[in-house]
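Before anything else, here is the set of structures, which you'll find just below.
Heads up, the next two complexes both have chain A, just with different partners, chain B and then chain C.
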Partner chain A sequence: MSYYFTILSPTDVPLFNIAFGTSKSGGDGIARFRFPDTAQYMNQFIIHSSLDIVEEAQWMNGNMYLKHIDTYPPASAYISAFLTPSGARFLLLHQPPQLASNSGQGAGGSGSMGGSMSGSLLLGSAGGSSRASASSIANNPTSPQTEEAVRQFMTEVYENYVKTVMSPFYRQGMEIKSPVFRGRVTAAGRKWL
Partner chain B sequence: MSSATKASRIGEELWKTRVDKVNAELVTLTYGTIVAQLCQDYDGNYQEVNKQLEKMGYNIGMRLIEDFLAKSGVGRCANFRETADMIAKVGFRIFLNIAPTVTNWTSDNNQFSLIFEENPLADFVELPDDGRAQDELWFSNILCGVLRGALEMVQMQIEAHFVSDVLRGDDTTEMRVSLVRYIEDEMPPDEE
Partner chain C sequence: MAQPARHAAMLSISNSGPNLPVAAAAADRQQPAQHIHTQSQSSQGLRVPSNRKTIYDRHLNRSRNAELSRASFAFLFAEMVTYAQRRVTGIQDLERRLNEQGYPLGLRLLDLLFYRTMSSSTSSALSSSSSTSSSPPNRPLRILPLLHLIHGPLWRLLFNRPADALEHSVSPETPNEYMITDNDPLVNTYISVPKEMSMLNCAAFVAGIIEGVCDGCGFEAKVTAHNQPTEMWPGRTIFLLRFGESVMEREKVLERAGVK
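This part shows the complex of A and B:
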């Protein structure tokens, strides 16, 4: 599974984004999206296009974690959202690994190396498939386990986000450049996703 | 060592009984805002910011010593080592609820270091990443001024400065305090 995480300010200014891959079931934490490297903007495009749905969903209940709210089937991209009380939006795009049949098409720009790597990744997940069933985080983006893992991830990021915006040198609405925060988000991703 | 344990006990006791507590975030955010505002006012001239913080601390220290003596009721320290324990275990305890470690004495007992394991002033803080703040700004420099001001009122001229800070990526936060001289039979200079 590959992830793209972004934080948007209440006025839709992107404050932070990071791409990473799964570290569960033998993953190496490197993101491999289905788009060629030259089209990574597709992640931003998909994730921002879910904002309308976030805005609809945010008034449906009082929860901060909105769970899985949107899907973009052509890229099988799933979006989960989390709202902070001050109106910042945390959005997580997750994309299950490519099936073997069309991996060549997806690896396009990255060449043979990318292809072989995604091949080995698939081998790894196939080896563990007796244990890692269809409900595991890596394979099924809508399972309750995944929802729970994403919730844990969001909560941990939220805690760190609060600490980061409390820094006196951070001004509201400013891009989050803190390497400490980036490190903590990466660690949270490794821990839960 | 007995003076240190005695001081710890006094500090602990005072913290429990005589001290009004305020919310830690209030202190942290207020102080952080002051430093950030100074950085803005002096346009990123961090030497000047350090100097201003020290000066603010000095003015606080001159008043704070009175409060300290009134609250603690401790008497005159016999020597500078005892003073150091008093500062670390009583002073810092009742005003910030921390007790930095006193260490690295010079052989003439005139210089020591305070190692801060925690620093409530610097919670949440990340220095601006403009490439200079990490090398130039001493975020908690107000504390140096407080010590200088306070000790000056009790006839000790000292010099205090930070030598390392976890905010800069160092392993510890360390302040170096050196006794310059005992002030005898003169009024405190009214320079500020």
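This part shows the complex of A and C:
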């Protein structure tokens, strides 16, 4: 599973983003998206296009964690959202690893529902995570376990976000540049996802 | 771990670092985000306090039950008023400045307040003083829950007691006006306003905090503080909340949709 996480201010300014891969089931924590390396803007494109849905959902549901809100089937990208009370949006795009036979096809993955099969056939680009079983969070983006793991991840990031916001040198809408914050988010990703 | 490696890889792209192909590829993938990374590179000379503890190592609930000395707060607030008073054109201008000082505080308190309620509800077994709610708190979607949030939890966080009253404007022309009353605002305890400035209410600072909270929750509002002394409470202050047009429209839509 590959992840792309981004924090957006209430006025849609990107404050922070990071890409990482799963560390569960032997994953090495390196993101391997289905897009070629030259098309990584697709992640941003997909994640930002889910903002409309977030803005609809945010007034219907008072929870901070809005769960899985959007799917982009051509790339089998799943997007989960978390809203801070002060209006910042945490968006996480997760993409299950691709089947070996499809690897290298890139962005137009033609709706393959990769990752739902047992792992023994998977080779190559999916790397360590290919050995994951079908029930692990890496292969099942909509399962309750995944929702729970993402919720834990979001909550941990939220804690660090509050610490950032409480800093007297931080104003709302400023980019978060702290390497410590980045390290904390990476650690949270390693711990939960 | 990944972070230092990526920085190293990015630095070595120009001189084609020989032994980091994986990390370099990862850095390539990061291209859309590079403007952020390059900027964070310049902060590699990050200064860490001598005890190696950054703000991220401190627990947010550490000061939860700690109380600030009233004397030091009074001194600090007096200085803030003096500071705001420099080069102002009038009372309104002074109140506006106090309001602006409070506004960012409101935005922050909102996040802190939710964080603390959230962490107390998940670990309610550990701390006896916490509330008994089992689910994390909800973001306010309608005006009334927002006002209750300000009236109760926010006031308790700031002043250790709830506010004294919460009212809705009775006039049909101004359905967007709400009032929160504080009989004896802490911020005004040690402030004596000169006669010629009798309109001034330094609780404009608290009004700014409220405004920050409302804005943060997505309820555009203007909040002002007004003196309204009674015999019993000479320092009684009314915070007047005027919600914007967009908020009232959304309120109607949500009411029809049955959102609480």
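The criterion applied here is as follows: the second predicted complex is superposed on the first by the 164 of 193 C-alpha atoms of A that agree within 3 Å, B and C clash if a C-alpha of one lies under 4 Å from a C-alpha of the other, contacts with A are read in each partner's own complex, and residues count from 1 in each chain.
Following the convention adopted for this analysis, a contact is a pair of C-beta atoms (placed from the backbone, for glycine too) under 8 Å apart; a residue touches a chain by one contact, two chains touch by 3 or more.
The shown structure was predicted, so the numbers you read here are calculated from the model rather than taken from an experiment.
Chemist: Have a look at chain B and chain C on chain A after the superposition and call it: clash or fit.
Modeler: Clash: chain B and chain C overlap once superposed on chain A.
Chemist: Touch test for A:Ser167: chain B only (first), chain C only (second), both, or neither?
Modeler: both
Chemist: Between chain B and chain C, whom does A:Tyr78 touch in the aligned arrangement: first, second, both, or neither?
Modeler: A:Tyr78 contacts neither chain B nor chain C.
Chemist: Examine A:Ser178 and indicate which partner it touches, taking first as chain B and second as chain C; both and neither are also allowed.
Modeler: Both chain B and chain C are touched by A:Ser178.
Chemist: Please indicate which partner A:Asp37 is in contact with in the superposed arrangement: first for chain B, second for chain C, both, or neither.
Modeler: So A:Asp37 only meets chain C here.
Chemist: Report for A:Trp192: first if it touches chain B alone, second if chain C alone, otherwise both or neither.
Modeler: neither
Chemist: Touch check for A:Tyr3: first (chain B), second (chain C), both, or neither?
Modeler: The answer is neither, since A:Tyr3 touches no partner chain.
Chemist: According to the contact criterion defined above, which of chain B and chain C contacts more residues of chain A?
Modeler: Chain A has more residues touched by C than by the other partner.
Chemist: Tell me which region of chain C runs into chain B after superposition, given the options 42-50, 132-140 or 240-248.
Modeler: 42-50
Chemist: Going by the contact definition given at the top, which residues of chain A touch chain B in one complex and chain C in the other?
Modeler: Touching chain B in the first complex and chain C in the second, residues 163-164, 166-167, 177-180 of chain A appear in both lists.
Chemist: Can you list the residues on chain B that touch chain A in the complex?
Modeler: 25, 28-29, 31-33, 35-36, 39, 123-129
Chemist: What residues on chain C touch chain A, complex-wise?
Modeler: Residues 1-3, 22, 25-26, 28-33, 36, 39-40, 43-44, 46, 54-56, 58, 60, 104, 107-108, 110-115, 118-119, 136, 138-141, 216-218, 250, 254, 257, 259.
Chemist: So in the complex, which bits of chain A are touching chain C?
Modeler: So the residues of chain A in touch with chain C come to 10, 14, 16-20, 29-31, 33, 37-38, 40-41, 43-44, 58-60, 62-65, 83-87, 155, 158-167, 171-172, 175, 177-184, 186.
Chemist: In their shared complex, at which residues does chain A touch chain B?
Modeler: By the definition above, chain A touches chain B via 163-164, 166-170, 177-180.
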